[in-house]
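In C-alpha cells below, several structures.
Shared between the two complexes below is chain A, which pairs with chain B and chain C, respectively.
And now, the complex of A and B:
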C-alpha cells in the first residue's frame, strides 16, 4: 500500500540557508543583468538613512565620553551649567579629564526647561488640533481644502520666522493683553501663574509658539484617523438617536484614541528638538528656574545652538564635549519619544504616521 | 439626563471645537500677514544688488539657492533610489526596518545634525565652514521626506500595471522607467519640492556647518563659508539698530515668500498627480 516515501530533502544548515538567502539577495533568477544593477544601486541608496544614523550617533557618543567621565551623574542632577573661566587659571584634572577652572556641567535646569516648554505646547496643541479637526471633518469640502492649505503653510513656515514673529509681534501682544489677565485671575489660585508677567519672552510664550508649530503634525494625523472610522458605526450611532457629540464620544473617539496618543508623541518629539524659535523667545536664561510661567527658561537645543560659539574657545575642549553630551541626551530623548509613538500606532491602528514635520 | 442638558452640552462642545478650528486656521494667516506688513518698508531693489554688509541680501539669497540646489542634487537621487528600493525591491523582512531607519532619521532634531556636522565635517575632516558641509547636513534632514514621498508615489500606481508589465516579460528596470515612473513622477517631484522648501527654511543645521560670510558664495565646496537668508533673520534681529532689524525683516519676508511659492507649487503638482492616478485606476 505504501508507495515509497520520497526521500526527505536535507534541511539546509545555517550556512546553506545563509548562502541561499545571500543568493536571493544578490539577484533572483527572474532578474536581468540591468535589473540587478538597478537593484544594487537602489539598495545602496536604501542603506544611506541607516548610515546617516550611524554617522550621527557614533561621533556624538565618542565626543561625549570625556564629559561623561568628568561630570558623571551630576550632568543630569547639577544645577549649574558653566564652562568655567576660559581665560584665566590653569586647567585642573578630574577623573583624568582636564577642565578649565570652575567648570561644571549640571544640566537639570536645561532639561526641565525643555520638558516644561514642550509639555505646555502639548497640553495646548493636542486639544486644539483634535477639536478643530473633528469639527473640520463635518464641514464642506471646499472649507476642508482651505484649512488643509493653511495647515500646510503653517508646517512650512521656518522656525526662525516663528521666532522673529514671536519676538516682534506675538510676545509683546500676549504680554500686554493676555498675561496680565491670566495673572490676575488664575494667578490668584495657582501662584505659578501669578507675579510679574515680563515682556513676553519665557516659558509660556515659548510653549505657545511651540504649540502652533506642532499643531500641523497632530492635526494631519487626526484627520487621517477620523477618515478611517467605519462609516457604518457612526451611522448606527445616529440611528440610535445619539447626537453628533455623543456619537463622537462613544464611537469615533474610542476608535482613534491610540492614534491620537501616537500623534501627540510625535508632536512632543518635535517640540523637544525645536531649536531656533524657542531659542529666540524663551528668554534663554541659563541656570535659572522660571519664577513663574512667564519667566525665562532655556532648552537643550537652544543651549547647544547658542553656546557652541563660546565652547570653541575652551582650550581643554571639555566645553565641546559637554555640549556633545547634551546633544546626545536630546537625541536619545527624541528617539525614544518617536519610537514610542510608532509602537503605539502599530498597537492601536493601521494608519501610517507622518514623519518629521508632518509629511 | 434630559433633552435640554444634552442640547446644551452639544452646543458647548461644538463651540469649543469651533475655537479649536479657528486656532488651527488663524496662525498661518496672522504670521504671514503681520510679517509681510512689518517687512514691507524694508523691501527694495537694493536687497538684490547689495551684499549683507551693505544693507542688501544678494549673497544670502544666492547662498540659500546654492545650498538648496546642492541638497536637490544630493538628497534627490539618493532619496528617490531609496524610495524605489522600498517600493519595488525590498523583501517583506527588510522593508519595515529600512523604513524605520528613515523615519527615525526624520525625527532627529536639526540642531543635533548641525552639531555632528560641525564635529565630523568642519573639524574632523578639516573642511572648515563650507558649502559642502552645509549641503550634507541639510541633505540628512530632508532625505527621509524624499524617501517617503517616492515610496508612497510608487505604491499608488495600480498593481495591475505592474502585473501587466510582468506578463509582457518586461525587465523590472524597463517596467520602472516606462510604466511606473511616469504616473508616479508628479508625486515624486512634490517630494523634491518639499525638500527644497525645508532646506530653504532651516537654520539650526547650518549655523555651524555653512558658517556665514558677507561675501558672495562661489562654487568652491570646501574652506569657504556661505551666507544664507535664515542666518540673517536670526543674527540681525539680535543686533542693535533699526537698519539691522529691517534687514532681518526683509530676509524673513523673502524666505517666507519663497516657501509659500514652493508650497503652492507642491500642492499644484500633487493635485495633478492625484487626478492622474484617479484616471488610471478606473
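And now, the complex of A and C:
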C-alpha cells in the first residue's frame, strides 16, 4: 500500500516542506520493511485519539439536535430544567419535537453552578498549592520528600471517597463550626457570605472539597517548576544580598508564573468535569440560584449522572437528548476555559530570564 | 429490587439447574430501558411503565414478583413513633411546614412535646423507585403537590433552602443520622439499618385515617385492598389504598419482560424462572431477607396469564 516512488527533490518554501514530510511518511523506498511497519503502527496510534474525539463529539452533537430544536437559546438562559410529568398527560409537539407534558430544559443554574464551584475551588486551591510548594522548597530534604509523598497520596484518592467524607464528616463539621463564624464576620461585609448556613451541602462545601482534590495536581506541577528555576539565578539573587523572600518574589515566582497558570488550568479542568464528589455534596439544587455561598447548587456533570436513569423512562426520548445537549455544553465550556487559559499563559510567559527586572 | 434478585440467584440455580440468574445493578429507569432495548432479558423496576411507554412498547410485560414498602424515618432525639400524614410530608417538602413544633404536626401527636427544631427534608438525588412511590403518596394527599411536581422516578422538587440530598438508600440513612431534625423516605429493604442508626420510624396515616408502621400485616392489608382491582396489564399503584389496616406506601416489584423473545429456549427459560419466582421461590425466608411480602393469591392468576404471553 505504501507508494514506492523515490522522493522528489525538495521545492523551496514551507508548503513544499510539509508535502515532503507527508511524502516521507507515506512512501519512503529507502526504508526497511520493519521501519515501514513501525511507521504504520505509530500512524494508526496517532489517529486513534483523533478518531475517538470525532466518535465522541459527532454522535453527541447529533443526539443533541432534537433538544436544540425544542429549547433553542432558552437552553442556556432558562432557569427550569424539568423532564415534565412522564406519568400523566400526553406528549405534545413543539417545533416539530414531541415532548412530555410540562417538559422544559433551561440549564443556566446548572451552568453557573459548574462555573461557581470550580472557581471557588480554584481561588482556594491555587494559593494553598503554590504557597505550600514554594515554602516546601526552603525546608529540609527529608521533609520535602515526606510532603511530596503525602501530596501524591492525596492525588490518588478516588473522588467517591472525597464525596463520602464530605457528606458524612466534612460537610456537617464545617456547617456547624466554621460557616456560622464566617457568616457572622465576613457575612456582615459581603452579603453573599451572610444568612442561613444550611447543613453542609452546597456551593462552598463543594468548592472546598474540589479545592482539596485539585491541590495535588497544581502542587505537583508547581514542584517540578520550582526545580526548573536555574540555580544560578537564585544564587545570584542571594549574592546581591536579597533575603529568601525577596529572591522568591523577584526570581522564582516570575520565572514560573506561566507554568503556575498552566497548572491552575489543569486543576480547573478537573474541577469542571468532577462528577461523583460534587454530586454527593453540592446539594443538587433544582432550578434555583444559590441565595448565598452556603446554598445548594448543581453541576452539569452531576446532573447528567443523576438524571440519566429518569431520562431513560421518557417515552419521547427528549430527556435523553437534553442530557446530550448538556454534555455538549460541558464539552464546549471545558474547551473554552482551556483556550482562554492558553491565551493567558501566552500573554504572561516571557522567554527572557527575569533577572534584573526591577529588583 | 437488586438485593432480592441477588438473594434469588443461588436458590433458583439449585431449583432449576439449567438456569443461571445474573443480576446487575442500575435504577428502575435502566431496568425499563434495557428491557426495551433487549440488552437484558428481564429489567427490574419499582415503577410500572407509564401510559406513553406502554403504548410505545406494546410487547413489554409488567410482571410483579413481590411486594415492597417504604418507611418514613426521622431524626428527633427522644421521640419515638411520631405520627405523620402525607399532607404534612408534602408541606414539609414544599417548605410550608418548616419547624417540628408546627401546629399541624402537634395536632396529630397529642401529648407529645415537639422540639423547636428546623425540619430538614432529605430527598433522593438519583432516579429511584423510592422517589416514585413517595411522590405518589404526596400526589394522592396534597392538591398543590399533585398540580406541581406530581410523581415519577425523579421529579422537579420545590426549591428548598436547607434541604439535603442523598444518593441511594444507604446514603439517606447516613445523611439523616448526621443531621438532627431530618425527615427521609427509605425503602423497607434497609429498615434494620435505619433503625440501628437511631432513626425514628413514623406512623403514617392511611386513607382510612389510621396511623401505621410498615409491617408484614399492614403491607399485606394494603395489597389485599389493591388486589381487588388489579388491571390485567398489572400496571397498578398500591399507594394510599383503602382499608383500616393498609400501610399507605406499598408497591409491586416488577420485572419488565419482552413477550417476543429471540428464540424458544430463552422464552422457556424466562417463563420457568418467573413461574418459580412467584411460587416455589417466594419463600418467607427469601422474602424476609429484604422485608418483602409475597404476591396476594388473587393477583397470581393475572401474573401467570402475563407470563404465559412470553414466546418466541
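Everything that follows uses one rule, which is that the second predicted complex is superposed on the first by the 304 of 359 C-alpha atoms of A that agree within 3 Å, B and C clash if a C-alpha of one lies under 4 Å from a C-alpha of the other, contacts with A are read in each partner's own complex, and residues count from 1 in each chain.
Going forward, a contact is a pair of C-beta atoms (placed from the backbone, for glycine too) under 8 Å apart; a residue touches a chain by one contact, two chains touch by 3 or more.
If you're wondering where the values come from, they're calculated on a predicted model, not measured in any experiment.
K.L.:
Based on the shared chain A superposition, would you classify chain B and chain C as clashing or fitting together?
P.N.:
Aligned on chain A, chain C clashes with chain B.
K.L.:
With both structures placed on chain A, which of the two partners, chain B or chain C, ends up touching more residues of chain A?
P.N.:
It is B that touches the greater number of chain A residues.
K.L.:
Return first, second, both or neither, reflecting whether A:86 touches chain B, chain C, both chains, or no partner chain.
P.N.:
second
K.L.:
Counting only touches as set out at the top, which of chain B and chain C does A:172 meet: first, second, both, neither?
P.N.:
So A:172 only meets chain C here.
K.L.:
For A:280, is the partner it touches chain B (first), chain C (second), both, or none of the two (neither)?
P.N.:
Both partners, chain B and chain C.
K.L.:
Of the two partner chains, chain B (first) and chain C (second), which one does A:38 touch, if any: first, second, both, or neither?
P.N.:
A:38 contacts chain B only, not chain C.
K.L.:
Of the two partner chains, chain B (first) and chain C (second), which one does A:159 touch, if any: first, second, both, or neither?
P.N.:
first
K.L.:
Per the contact definition in the header, classify A:199: touching chain B only (first), chain C only (second), both, or neither.
P.N.:
Only chain C is touched by A:199; chain B is not.
K.L.:
Taking the superposition on A as described, I'd like to know which of chain B and chain C A:215 touches: first, second, both or neither.
P.N.:
First partner only, chain B.
K.L.:
I'd like to know which partner A:238 touches here: chain B for first, chain C for second, both or neither.
P.N.:
So A:238 meets neither chain B nor chain C here.
K.L.:
After the superposition on A, what does A:311 contact: first (chain B), second (chain C), both or neither?
P.N.:
In the superposition, A:311 contacts chain C only.
K.L.:
Identify the overlap between the chain B-contacting and the chain C-contacting residues of chain A.
P.N.:
Touching chain B in the first complex and chain C in the second, residues 167-168, 280, 308 of chain A appear in both lists.
K.L.:
Which stretch or stretches of chain B touch chain A in the complex?
P.N.:
Residues of chain B touching chain A: 6-7, 9-10, 13-14, 16-25, 27-29, 31-32, 34-35, 38, 77-82, 84-86, 88-90, 98, 100-116, 118-120, 124, 140, 143-145, 147-149, 171-173, 176, 194, 197-198, 200-204, 207-208, 230, 233-234, 237, 248-249, 252, 255-256, 259-260, 262-263, 267.
K.L.:
Going by the contact rule at the top, pick out the chain A residues touching chain B in the complex.
P.N.:
Residues of chain A touching chain B: 31-32, 34-35, 37-39, 41-50, 52-53, 55-56, 59-60, 63, 127-136, 146-147, 149-154, 156-165, 167-169, 212, 215, 219, 243-246, 266, 269-270, 272-276, 280, 301, 304-305, 308, 320, 323-324, 327, 330-331, 334-335, 337-339, 342, 353, 355-357, 359.
K.L.:
For a test of understanding, state which residues of chain A touch chain C in their complex under the given definition.
P.N.:
80, 82-83, 85-88, 90-91, 100, 167-168, 171-172, 196, 198-199, 201, 279-280, 283-288, 291, 295-296, 306-313, 315-316
K.L.:
Can you list the residues on chain C that touch chain A in the complex?
P.N.:
Residues 26-30, 32-33, 47, 50-53, 55-56, 120, 125-128, 150-154, 156-157, 159, 161-167, 171, 174-175, 178-179.
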